[in-house]
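Shared between the two complexes below is chain A, which has chain B as its partner in the first and chain C in the second.
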Partner chain A sequence: MLHLALFAFFGIICVAGAINLLVQRHPINSALSLVVVMASLAAEYLLLGAEFVAAIQVIVYAGAIMVLFIFTIMLLNAGEEERTKGSRVAILLGVPGVVIGAVLVAWVLIHHSNTQSVTIGALLGDPKSIARLLFSDFLLPFEVTSVLILIAIMGAVVLASRPGAVARPQTTPAAAKEENEGPQLVAAGRERR
Partner chain B sequence: MTSVTAIPLPYYLILSGILFVCGVLGFLIKRNIITIFMSIELMLNGVNLSFVAFAAHWHVLSGQVFVFFVMVVAAAEAAVGLAIIIAVYRTRETLNVDQVNLLKL
Partner chain C sequence: MTITTYIIISIIKSLAVIFVLLTAVAYSVWLERKVSAHIQNRWGPTRVGPFGLLQPLADGVKFIFKEDLTPPYVYKPLYIAAPVISVVFAITSIAVVPFGNSLDIRAFHVGGLTIGPISTPFQITDLNIGVLVILGITSMGVYGVALAGWSSNSKYSLLGGLRASAQMVSYEVSLGLSLIPVLIWAGSFSLRDIVLSQRHMHWNVFYLPFGTLAFFLYLISAYAETNRTPFDLPEAESELVAGYHTEYSAMKFAMFFMAEYANMVTVACLATLLFFGGWLGPVWGSDGSLLNMAMPVIWFCLKVFFFMFLYVWVRWTLPRFRYDQLMAFGWKVLLPLSIANLVVTALWVAARA
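After this line comes the complex of A and B, so read on.
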């Protein structure tokens, strides 16, 4: 009973945060409600016995990714979004469709699923067993994700930097003013070939 | 561990479905490009919840490892996506997706 009450409590917080994300018009309010959603989802993970996932949910999602979002919002000085009439037809047709789909899925899940239950604490999701699985069965995907992260870092730096800021070497402003960008890029291309 | 109290699996799936639907709705109706991006994160969170619920249901730990990978991909996607948003803002001076309708200016 206590677990069900906790599930309902955090689930209601979660859904309320998700709806608040849709209702709010300022991006920073949406970002903060998304933090609420992620924190309550971490509590749900704890109820499922997934300690490690709950910890990295708070650290990576609610910590790192949302800080990145809020940093971007403040960097771009994003204001309130404007109301546009362009997609009114899409809203009128799409929102009832989504609601009908959600109701259908919920109905199927309620009526056509066996009533087996998730037992609390039956699964050990501690870091030790996760790491044992991660470094034995999932070793190759794990290493591939490190390459993915590296590519993402380089891509983010290249995309977010001003044009020409990456290729320019560390020189004094006077020397940087004198040297021409064109021949340097040609030379770089020749080296790559 | 006493397992007298148990939460049925459909409850978790319904919560996960609600989160996913909220993400889809936000993706469709929001006009701010950053909020649209946050809706994508909301959808990923809904999927993660169903992953963990099924992992607990079938007593298989790989579901939680998949959640780990989803989080890694989400982090990479957030970094690249926000960089793209910064580049878009630098060229268009707007975050409204209705005004970003050309690939090349």
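After this line comes the complex of A and C, so read on.
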């Protein structure tokens, strides 16, 4: 009973945060709503008995990834979105489409799944069991995931490097000076002389 | 024990711990002012009560009566929420910190009620992922700083807030990695188990060379994480005006202040629990009889007081890092050292087993 009440409480917070993310106009409000969604998901994991995953969800997702999202929004100085008149065709087709899709998914899940109720603690969620599985049975996926993240980091470094750093160096000294200092400074230097 | 007894005891423990923590935060300000004064060959607060001991009270009254103005162009919801976020996450992590062994009260009768025999640990709750919870709460504390800097709508605040939060996020990595050797030896994330694995003076800091190295890496990362000198460029008085709390006055500034000192207390508690044996003391405390309940708490408080004193001592001794030196040190020195310490410790433990 209490378990159901807690599940409903955190589920409602999660869905409300997700809807708020779509509805808000300022991107920083959307990012903070996403943090609320992550935190309520962590609470849901706790209710399933997976305490290690819940802690890691808070540390990694809510505590590191979303902080970097918020950095980006602050640095880009993104302002409020402007209100446009919505396309009427999109509303006429979209809202019934979403409702029909949601009802279909729910019907399929309820009638065709063979799930049973499980008590907290029946499935292993403590760090020792997860570590044992992760480093023995699931070692290959673990290593492949780390290589994947490494590729993402390398891609980010290449994308963020200065545009002149990887270009071919210019041959004549005047052109090299222009490349280094920029056309305005070169012109100013020429004027002063 | 029954569920109502458990709830009542938990509420009483929470209230007591919060009261003690807030008083400790207020008096750590007093400690800082007195110690810094004596390091600089002057007296510090001496007028408000004996040895200036009522100075925090005077400070609190001042903050309450000060004009709490809100600049016109700030983004109001986040401007008001940011100090609240900082304080809430700074104070929450005391919930999993064990202060002593256990509190045993024999049954006694009051009027018609029998308050039965109660045995409860000196801790609000003993989670089996205690270390991870503290790391998670530290990660969430970055939001207060970042949102304060941005919502103040001022260049100094934005730059200070971004610098401070980038620094905190960078040093969180080496903080977590430096703690892993301790977890390998203790074999558990629970803080109580980690302390109990250090019985009979097998403190983790004496475990040469890995334990001592891990302790120093943890201490340096924690100083940078809490934005204290020598890593306090984002909020020092002579840099960037005052960083992310430039536009805050009175009570909201007091909340940032409280959050910083509460973070210091958390770091000090974690250092004593993980490296210095927590509540275990040399004479009493492990298996005593009469003072079984009180001595462990006294040992714990003495060790935490030593770490707070060390914080203040380091602050008024060392000059501060420049920001690029700070980030280079965190990523190029502390992180490889933490990872190397972790790998070598793991190999050593595996080779001996």
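Assume the second predicted complex is superposed on the first by the 146 of 193 C-alpha atoms of A that agree within 3 Å, B and C clash if a C-alpha of one lies under 4 Å from a C-alpha of the other, contacts with A are read in each partner's own complex, and residues count from 1 in each chain.
Just so we're on the same page, a contact is a pair of C-beta atoms (placed from the backbone, for glycine too) under 8 Å apart; a residue touches a chain by one contact, two chains touch by 3 or more.
Just so it is clear, the model here is predicted, and its values are computed rather than measured.
By the touch criterion defined above, A:148 lies against chain B but remains apart from chain C after alignment on the C-alpha atoms of chain A. Look at A:35: by the touch rule set out above, it reaches chain C but stays clear of chain B. Residue contacts after overlaying the shared chain place A:47 against chain B, while chain C stays out of touching range.
Counting residues of chain A touched by each partner, chain B versus chain C, the larger count belongs to B. When the two complexes are overlaid on their common chain A, residue A:67 makes contact with chain C while staying clear of chain B.
By the touch criterion defined above, A:56 lies against chain B and chain C together after alignment on the C-alpha atoms of chain A.
In the superposition on chain A, A:127 contacts chain C only, with no contact to chain B. By the document's definition of touching, neither partner reaches A:100: not chain B, not chain C. Once the two complexes are overlaid on chain A, the chain A residues touched by chain B in the first and by chain C in the second are 52, 56, 64, 68, 75. The part of chain A that touches chain C in the complex is made up of residues 28, 32, 35, 51-52, 55-56, 58-59, 62-64, 67-68, 70-71, 74-75, 126-127.
On chain C, the positions that touch chain A within their shared complex are 78, 127-129, 132-133, 135-136, 138-140, 142-143, 146-147, 149-150, 158, 161-162, 165-166, 169, 172, 176, 189. Listed in rising order, the residues of chain B touching chain A in the complex are 1-3, 5-15, 17-19, 21-26, 28-32, 34-35, 37-39, 41-42, 45, 48-49, 52-53, 55-57, 59, 61-62, 64-65, 67-69, 71-80, 82-87, 89-90, 95-96, 98. Residues 1-4, 7, 11, 14-15, 18-19, 21-22, 27, 30-31, 34, 37-38, 41, 44-45, 47-50, 52-53, 56-57, 60-61, 64-65, 68-69, 72-73, 75-76, 78, 81-84, 86-87, 90-91, 94-95, 98-99, 101-102, 105-106, 109-110, 113, 115-123, 125, 129-130, 133-134, 137-138, 141, 145, 148-149, 151-153, 155-160, 162 of chain A are the ones touching chain B in the complex.
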